[in-house]
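Chain naming follows the written order as A, B, C, D and E, and within any one chain the residues start at number 1.
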Amino acid sequence: MRRQRILLVLAVALVAVAGMVLPASAQNVKLAIVAEITGGGAPVGAMWRDGVSLAVEDINKKGGILGRRLETFLMDTQSDPPTSVAVMRRAINEHPFAILGTVYSSSTVANMDIARQAGVPQITGSESVLITQKGNPNIFLTSFTQQIGFAKLVRWVAEDLKAEKIALIYVNNAFGRGGREMFLKFLKDRGKSVVADLSTEPQQADFTAELTRVRASGATHLMIYSHEEENARLMIQLRKLGLAVEPVGDNLCAQTTIDPGGEAMNGAKCHVPMTAASPVPSMLDVGRRFQEKYGRVPDHNGFKAYIGTHMVKAAVERVGAFDQAKVRDCLHNNLFTAAEEPGLLMDVYVDDKGDTDRGSFIVQVKNRKSEVIKVVGMLGGPYTKRACR
Amino acid sequence: MTDVLQLFVAGVSIGAIYAMAAIGFVLLWQTSNTINFAQGEFVVLPAFLMVLFWTVFRLPFAAALLATLVVSTLLLGLLVKAVLVERLLKMGVLPLVIATIGLSMLIRYSLQQFWTPLALPFPALFSRAPIRVGEVIFTREELMNVLFAALVIGALQLAIRRTKLGWAMQAVAQNRNLAAVLGINVSRLVGLTFMLNAALTAVAAILVAPVYLVKYDIGIGIGLKAFYAAIIGGFNQIRGALLGGLLVGLVETYSAAYISNQFRDAFALIMLIGVLLLKPEGLWGIKEEWM
Amino acid sequence: MRGWRALGLLGGGAILLLFPLFLEQYKLYLASLTLVYLILAIGLNLTLGYAGQISLAHAGFMSFGSYAVAILGPLGVPFEGGIIVGTAIAFLWGLVLGFPALKVKHHYLAMVTLGFNIIVFLVLRNWESLTGGSFGISGIGRPHWGPLRFLSDRAYYYYILGWATLVVASAYWILHSRWGRAFRAIRENEMRAEVVGVSLRNYKLMAFAIGSAYAGIGGALFAPLLTYIDPGAFTLDRSIQFLMMVVMGGLGRFEGPFIGAVVVTLLPELLRASEGFYLIIFSLAVILMMLFMPKGLVAAWDWMVCRLTRRTVSPAHPPPPPEPAAVLEPE
Amino acid sequence: MPLLEIRQLSKHFFHLSALSHVSLSVEPGELLGLIGPNGSGKTTLFNCVTGVLRPSRGHVFYQGEDITKLTADAVYHRGISRTFQLIQLFPEMTVLENLLMAAQERTGTLFTRLLRRDETEETDRALKLVEYLGLSGVKDNLAANLSYGQQKLLDFGMALMPDPQVILLDEPMAGVNPTMIKALVTHIQDLNARGYTFVVIEHNMEVVMSLCRRIVVLSQGEKIAEGTPAEIHDNADVMDAYFGS
Amino acid sequence: MALLEVHDIHAGYGKMEILHGVTLKVEPGQIVSIIGPNGAGKSTVFKTIFGLLPVQQGRVLFAGEEVTNRSPEVLLRRGMTFVPQGRNVFPLMTVEENLLLGAYIRKRSPELLAEVERVYETFPILREKRKDRAGDLSGGQQQMLEMGRSLLLQPRLILLDEPTLGLAPLVFKEIFRIIEGLRKRGQTILMVEQNAAKALEISDYAYVLELGKNRYEGSGEAIRNDGRVKRLYLGR
């Protein structure tokens, strides 16, 4: 009896050791998706995961990168920073070539040093300025930070909409606060300020208190910056109260806001980094295929993930080898064009901090769909391409 | 003044939702001393069922509602009572608390995993066209929410006062052993209360869904607020749930408008702690020393 | 019996000291996190398991420690100074919150402490000048003693291990002093305890405050482990996580928090292979455990120890005799 | 000066009056019996004296000090201990631990109780008591696992453990077999001879009449008689209270 | 045939056996009293008969059928009711609601309402207070409420446990007057009463228990005049 048990334990141990020693398929290149699959960030994480998966499928269909196929594995952060640190370490144990994620800024700030220490390039969906302020040479954004995004947004609000009396409603967490700081800063740069500055809670259901204060402020424009379903609830109540303000925002026009918000969303205008309704044909195509495959219209997070995966591809191909350090160098201060890598969808410039500059769109919601009413150029530039070999 | 009234409308209408979820708490506590930490999810699951039957299977509204009621009564009422409560009730409060926390996680993550992590739209049942009374704007939806909550609570109060079953429930709440001596089957009654709670939360779900939208994690907030409402109003009286719900809704709305947005979640809590320390039986509750 | 215990202690110590040398980063991090959670669970076990006061504010108390080291570190205060300040704040707030705990019971106490946790969260988020608000504080330094620096994950693991040993030893001391007996007496029969001279007020306050102080220590060690904290790390969810640890481990048993901290931290990680399903499996496991092992996993542990030491299953913890119902009081 | 003096003590539970204006005094070294039909307020009186219940009106003096408003633990520290009609033990502690628990708060302060772990003196005393009560064989058993009679004895032992001056016994003989009753009677007489003061609530009249030198009778929350066993035996009011008229 | 027969029952609370063999018999139309000093186990007999405590040994027969260890609901349906000692009403419900709860197992019918009327005739004070909360009644009124409640089932046998416990002398007399009234209507009652003398006065038969065992028995009159019984109460 006892001997049998010992033998059993030995056998199990042997199998375990063998599992560790035997190399995984050497041909494939592994990418780690570290995202908010459960918890409060689940909608965001689902988009991110599907965006990466679609990109990987597309890349593999076209023969992979430098002839090697991609494979992904998924790590769930539960939308919890300590857990994200744990799973990031776990992801690194699998020796991925690059890490795609996380989207929540509080998680990214907590886990990005780990990827940096391991020398694995990290492409994040976060937009907080906190991330690029740290001087981490290993982190890359696929979209704008709030710094660049809000510079473009405020430029549009001030110059195109000629808004004078602007009220701001934001969600009181790292995401919303970051946007608020930038919004106020760029307004201030133009000598302006908001007439009402109102915080809301995540998962808040009733916004009458905030909206009555907006009404009292006499604002003509209302900047709304919260999570998708809160945006939708807010818009429904705004329409109900019949407030005579023009709602503007960023993720306000995401399809994930429009779907639950319904009719109330019509008329909202946004500055968005990317959209399924884009006039860019490749972007439209990705949006269509995403919807076919996953049954929902991709929001900016879906596109961000798709583009982020292709940023890895573009950089590797420009370097000509799977060399993490060189790829990292190559991604800094460099311009990648959609002509060279169609999967990037648009030309993108990555600066020395890992922040990106890119064209973007002004959209308006009509008939529960966002329609592009204007294409906005890059914030800076012109930028030049740099060889990396 | 307009604002004050407008905020009143908002506070009452959101408070009605809290009250609806709170009644179940009160009922369960009274008949079985169960604290259901999954109460929020008891609201969310029927909302998803309603989406399933109504917008996915395209049943007529009444049929969808009926199907939702039946399924949630069986699942959240009968099954939960038979599997969890029956066994755990004998072991004291804490194991049941942990088990209901586990149940809330189970429902939440299952919905997220097997259905969707995104918010689902839910058609408004009543018109959202603004109705103006002076400067104050409200909608038929809000009006119906409040009326509906008042109606349900009123009907329930009446049923508990007037029907034999209602009396039996009161009897068990007030003196369990004596109720047994009079031939009331306490265990069966507890089961019925669970089914009633499930039916109530299903009804609440239909009010909640158009406002909150249907998302797997909205239950956390609703459950907490319902809990505050039940304690503030009085854990041993159904009318207390109504009072507590309305108070929580109003305090939340007014304090956010006139005191501080940033601390809006704190005011209802401060009221709760105050009530607990000064009048632990709740504002409309009755001292339990009677019993 | 004594021999077994010494052997177990030695073996356990050796494993805790040596095995990190062979662990990669991820497992090392989990081991460190488990130790931190162990400290927190021991604190809650003291409050809830021994003194019978349910607390859903443990994450709030934890935040005092975390923010103390995060805020004081950059000001040049040594790390241990931060720990002491954070622990002292947690202790004092524990005393403050302990007073209502004397007055209200059961689910009412749960609500008071839950409210406290939410209010702490709101203050942390809104007091931006001190706490950095929702942006949190990043780049939290790790401790150093002169030239000896606990910067690497491995070194910091040993640092945490040191504190954990201290906490375990002090908890062991408290629970095996006459305090421990008084706590058990209160839990088993409050009225009788008072009649044999136990000051319910003193002991309950102390249990609450010391449990909170342990949370402060755990929090102080938690912050540098992540190097980044924000108020989101100290929500009600985390308090509930600690509650699950103690209850699943086994309330009022010294081994309970050890088992609970390991299971609640590691089980989700082990189940992670099932991708999105692991939280579902985990919550099912919680329910099943409550149904079939309401005394906690410590029951399985007892069974194992009995098998190992070849004792027959001891009647160590029979269920307390059922209370006669009110109508059924003997004449 | 009486050791324990109860003056005009009343206790109401809402509409019900459990005790009204009860006065009695206990002299040092006395063995006082407290009897009365069911529901006459005897246990309530004990609860009010020991701080388990707060009296509605009236005062309790102990050695001249007003102890009416003290909590139960403070009353214990004055030197009054008691047993319970419905046995109250720490069920998951051993017999020895139960006894040690009954004495541990007697000495030291809150913080020295945390530090000093030496309890040889108490342990000796507990062992002696265990022997005295005939519980040696079960001294390491959990209290929950004792027989009813043993639990009754343990409850008694716990009251003796802190070496109190006054011991209030609430129905020590209820449900105890005749042999053990004899033993208990001997114990009480023996201890009383050594200077312990007892107040005993007991239904077994033979025991009360033979044990006590003075008896107080309560009925319907009021004191209706007081006197020697013989006086009580022949008192018509007492007979009425018990048997009716 | 006796309505109730109890044969040598043993019962108690967990480890504590209180009844060490009690035997008694109640004939239809009789009032039978169980008396005895404190600690004799009188109320325990009732709880054991009514299925609230397990019978460890012995048998209980009701109307010739075995009902040992049957649930209260079964006994209620067979026509036995129990009025426990102490105040046992639902304090937050009205007097009328409390009364009707007594007939919980019966259908609501005109007959039932007629019986409620009869209860009000027996206890006029209850009619006066029918809309008041039962918790606000005095002790005597609560006792009447409990007795009235038990009558609504038209019971063949009422177990009446210490109906006068803690009541003022005036109320006390009132309760006894009512019990006598019930007997005139032919109601069978088994009762435990503190005031033995008074109980024996109206009893057809009586059992004296001591320490959980039968001690004496006989007609009410005989027991009342038996000096040995009195001595049991105050020792020899």
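Convention: a contact is a pair of C-beta atoms (placed from the backbone, for glycine too) under 8 Å apart; a residue touches a chain by one contact, two chains touch by 3 or more.
Quick caveat, the model's predicted, so the values are computed rather than measured.
Enquirer: Could you give the fewest steps needed to travel from chain A to chain C through chains in contact?
Expert: Steps on the shortest route: 1.
Enquirer: Farthest from chain C by Cα centre, which chain is it? Let me know.
Expert: Using the mean of the C-alpha atoms as each chain's centre, the farthest one from chain C is E.
Enquirer: Of the other chains, whose C-alpha centre is the longest way from the centre of chain D?
Expert: Max centre-to-centre separation from chain D belongs to A.
Enquirer: What whole-Å value do you get for the distance between chain A and chain E if each is reduced to the mean of its CA atoms?
Expert: 77
Enquirer: From the C-alpha centre of chain B to that of chain C, how far is it in Å?
Expert: Computed from C-alpha means, the inter-chain centre distance equals 32 Å.
Enquirer: Mind checking the centre-to-centre distance between chain C and chain D? Centres are C-alpha means, answer in whole Å.
Expert: Going by mean C-alpha positions, chain C sits 41 Å from chain D.
Enquirer: Find every residue in chain C that makes contact with two or more other chains and list them.
Expert: 125-126, 276, 279, 321, 324, 327-328, 330-331
Enquirer: Residue numbers in chain D touching 2 or more other chains?
Expert: Chain D, residues with two or more chain partners: 38, 174-175.
Enquirer: Among the residues of chain A, which are close enough to touch at least two other chains?
Expert: If we look for residues of chain A contacting two or more partner chains, we find 38, 172.
Enquirer: Quick one: which bits of chain D touch chain C in the complex? Just the residue numbers, please.
Expert: 38, 50-52, 71-73, 76-77, 81-82, 84, 86, 88-93, 97, 100-106, 110, 113-115, 117, 119, 142, 144-145, 158, 162, 174-175
Enquirer: For chain B, which residues are in contact with chain E within the complex?
Expert: 164, 167-168, 170-171, 174-175, 178-185, 286, 290-291
Enquirer: Under the touch definition given earlier, write down the residues of chain A that touch chain C in their complex.
Expert: Within the complex, chain A contacts chain C at residues 37-38, 74-76, 78, 80-82, 85-87, 89-90, 92-93, 106, 109-110, 113-114, 118, 128, 130, 134, 172-174, 176-178.
Enquirer: For the complex, which residues does chain C have touching chain A?
Expert: My answer: residues 24-26, 29-30, 33, 125-126, 133-136, 138-139, 222, 225-230, 232-233, 237, 268-269, 272, 275-276, 278-279.
Enquirer: Under the stated contact criterion, what part of chain C meets chain D in this complex?
Expert: My answer: residues 173-174, 176-179, 181-182, 184-185, 188-189, 191-202, 206, 315-318, 320-321, 324, 329-331.
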